[in-house]
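Dumping the structure here so I can ask a few things about it.
Letters A, B, C and D mark the chains in the order given here, with residues in each chain numbered from 1 onward.
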Amino acid sequence: MTAVLTDPEEAVAGIADGSTVLIGGFGMAGMPVQLIDALIRQGATDLTVVSNNAGNGDTGLAALLAAGRVRKMICSFPRQSDSWVFDGLYRAGKIELEVVPQGTLAERMRAAGAGIGAFYCPTGVGTPLAEGKETRTIDGRDYVLEYPIKGDVALVGAHAGDRMGNLVYRKTARNFGPVMATAATLTIAQVHHVVETGELDPEAVVTPCIYVDRILDLSATEATP
Amino acid sequence: MKTTVKTTVKTVEHLGRGPLGRDELAALVARDIPPGSFVNLGIGQPTTVADHLPAGSGVVLHTENGMLGMGPAARGDDIDPDLTNAGKVPVTELPGASYFHHADSFAMMRGGHLDVCVLGAFQVSERGDLANWHTGAPDAIPAVGGAMDLATGAKQVFVMMTLFTKEGTPKLVPECTYPLTGLACVSRVYTDLGVFHIGPHGVTVVETYGTSVADLASRLEVAVRPLGQEE
Amino acid sequence: MTAVLTDPEEAVAGIADGSTVLIGGFGMAGMPVQLIDALIRQGATDLTVVSNNAGNGDTGLAALLAAGRVRKMICSFPRQSDSWVFDGLYRAGKIELEVVPQGTLAERMRAAGAGIGAFYCPTGVGTPLAEGKETRTIDGRDYVLEYPIKGDVALVGAHAGDRMGNLVYRKTARNFGPVMATAATLTIAQVHHVVETGELDPEAVVTPCIYVDRILDLSATEATP
Amino acid sequence: MKTTVKTTVKTVEHLGRGPLGRDELAALVARDIPPGSFVNLGIGQPTTVADHLPAGSGVVLHTENGMLGMGPAARGDDIDPDLTNAGKVPVTELPGASYFHHADSFAMMRGGHLDVCVLGAFQVSERGDLANWHTGAPDAIPAVGGAMDLATGAKQVFVMMTLFTKEGTPKLVPECTYPLTGLACVSRVYTDLGVFHIGPHGVTVVETYGTSVADLASRLEVAVRPLGQEE
């Protein structure tokens, strides 16, 4: 059953050193900023972080990196105009990097959530990102074998949730959240508000409650938009 | 198996003018996108193609961060941090739009459902290999984003680029020297100096701007044929 | 661009002999009955039909089978109390049958729509349905290699569509429709009504218009519920 | 590696009564489903477990045709042809329900997200192999539905069945003779004569009804141990 919490520290309690943490968001849209900040205070270290980017500016994921908590980044696009924290760590040899094509990143997490052992993917064939990977020709087309990425924890930013744990997102802030929620042992979502069970349209629920362990309700700490 | 294709269509050499400006190039690409197509425009210059799509074209724009039916860039009060394009620029929503998550969005791409994507490039080879994600410089931090997914998945990949680097090196090449994004995926190359089609029998020049086919042939290491002389 | 049609014959025009036809529905929920009836009148034969069941009673898919148009059924559950048409053809050796676990059936079509070349699936390992299939142990668990099922045509029953081709479904009638819509070259959906573009909630669209080639609007021929 | 586990919990032999009736069996399964679990109840007898879940248990029912939060069977005006369970029986929707398509529904199952599924069986082996989809009869038309997906995917598979066929043949067996549904997937077997747990070290009898552990041991070819004597 999903726990609905208002205390960010409680929301991230128990995340262990060495965990693989899936962090949603694409740029700032869907980024679970309050959960990341709480994770920094919580102190877990030696983390592998899976996220599309590798932090922007000095806050959020960049702050987690700056605090030295991340051993390895798995992402599609670390280099951005404001990714100076990651850039510095990488150039100093203080962080490992695995670059994965964006769709393969999403599909590998989907595979983890869907119980798929591995899949043949056409993306990246013949490129440096396929080096060392098993390939196979199927029906005349070449594919690379890709394996699931499973998280110990997923931190997801959704728009709203209900008391049972169902989630809805808003516009392109949906991005990686629904996939990551399926791929982690412990899924923690921050939402702008929590509604009573039954208030979300069952046809429009994006993440069913089965995938959500904890919800951090930000409504008490955020100004209503 | 070699087949000989002869057409009566001829390459158009626009000689009484200079090379295409960036806006003219974007307009040219926009002109060639069939009405009603589903299209992804890459980050940077390809994004500007949207400004040149004629009203009523029925072209539907996809953005890989999970939207079909993307509208123009948002301004002023329309800016919504929850609604951006793949370049993280605030955009708007058109009637008939839909949202989906990243795995669904890239399934749409990988599954071959997009009619056209338009990408920038460092290099394109005569077989249509694309290099657009990494300069191969030893100190560069690799970052691929959705480039490989688009190159592999779209039914047609259009490239927009200058034909030569600032140093005068051709970017349409016999063999890419930069790390590849995708193999044999580019079908058309739109450049400031000319438009090229890449097919199973090599590179054809469709139009030139401020230069001739003969001039381009002399400046490129790639064999380029005028239309009507495809082998 | 999606064609919105009111004539069932026009909706199924051009379906060729020998086609693989994906037919949505689970029991009667989501079953595209009017499209199947039109396909029977259209006359295409030597079909491979992919559907969860193999027809009920004497109408719909059962009628298509009875008309001798189907060479092969790919389904998870052909045998039902009222599947006498299929049962008779099968026992008479007049139809081929490929039985696929229900989730593998859905995932194989999803793979076709998502450009996945093949995937390692844990379902069916060690059972007769895995016989002759390639297997592999990944991280200590056994998997069977499964290949995509691609349709030439998908016939889907949705609830409503808009003029651009976006679809929404209703309750458990959603079932196979959204997956099949992605997996076929030509997707034809029947809907109870068509609304103007912009009237469907973009957050709640289930099948984006890119997957839909033709919509058959039943509102003129159906009593409003 | 053998480990010895000794517990002070003892098998309960309900001797002053007959075997469990079908309703009693369903109630027993319902009692053992942890509050707040996500559960799939198979077609047929397992479906009746829902009627015995205590109010406020927080158990959420999944149906593989695309719904979480399924309510009881629909009656009268509540019957909606668009809302059925996996057995095609009209059902209802509870507050907090959600709908999803078949690929998502089976991803939920295959991905190990359901806590418990309850299935019927022809046979269960002492290793937890399940046979419940096919009698192997030469004229039978094979039909598997979602049985293999459930057997493979759920964290725990509970089986409900009579312990013996009408002919008196045991259904808890050393080795299944019917075609398999899944390997080593069953963790508990609920029968009219007793409840069995299947673990890495074999079969344990948790409770008996109208019979004793010794009697069951003599009638089964499978070695069954009472609780407290697991090896």
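One rule holds in what follows: a contact is a pair of C-beta atoms (placed from the backbone, for glycine too) under 8 Å apart; a residue touches a chain by one contact, two chains touch by 3 or more.
Please read these numbers as outputs of a predicted model, since none were measured by experiment.
Trainee: What's the distance between the Cα centroids of chain B and chain D, rounded to whole Å?
Mentor: Computed from C-alpha means, the inter-chain centre distance equals 56 Å.
Trainee: Determine the centre-to-centre distance between chain A and chain C, using the mean Cα coordinates as centres, and give it in whole Å.
Mentor: Measuring from centre to centre gives 33 Å for this pair.
Trainee: Express in whole angstrom the distance between the two chain centres, defined as the mean CA positions of chain B and chain C.
Mentor: 35
Trainee: Could you pull out the residues of chain A that touch at least 2 other chains?
Mentor: Each of 107, 110, 114-116, 121-122, 169-171, 202-203, 206 in chain A touches at least two other chains.
Trainee: Which residues does chain B have that touch at least 2 chains other than itself?
Mentor: Residues 93, 99-100, 106-107, 109-110, 152-153.
Trainee: With chains as vertices joined when they touch, what's the shape: line, ring, star, complete or other?
Mentor: Contact pattern: none of line, ring, star or complete.
Trainee: Got a list of which chains touch which?
Mentor: Pairs flagged as touching, ordered by label: A-B, A-C, A-D, B-C, C-D.
Trainee: Going by the contact rule at the top, pick out the chain C residues touching chain A in the complex.
Mentor: 107, 111, 114-122, 136, 138-139, 141, 143, 147, 168-171, 201-204, 206
Trainee: In the complex, go through chain C and note every residue touching chain D.
Mentor: 26-30, 76-80, 86-87, 90-91, 97, 99-104, 106-107, 109-110, 121-129, 159, 169-179, 206
Trainee: With touch defined as at the start, can you tell me which chain D residues reach chain C in the complex?
Mentor: 63-67, 80-85, 88, 93, 99-103, 105-107, 109-110, 129, 134, 139-149, 152-153, 179-183
Trainee: Using the touch definition from the top, list the residues of chain A that touch chain D in their complex.
Mentor: Residue positions touching the partner: 1, 110, 112-116, 162-164, 166, 182, 197-198, 200, 202-203, 205, 208-211.
Trainee: Spell out the part of chain D that touches chain A in their complex, as residue ranges.
Mentor: Residues in contact with chain A: 35-36, 38, 58, 60, 62, 68-69, 93, 95-100, 106-114, 152-153.
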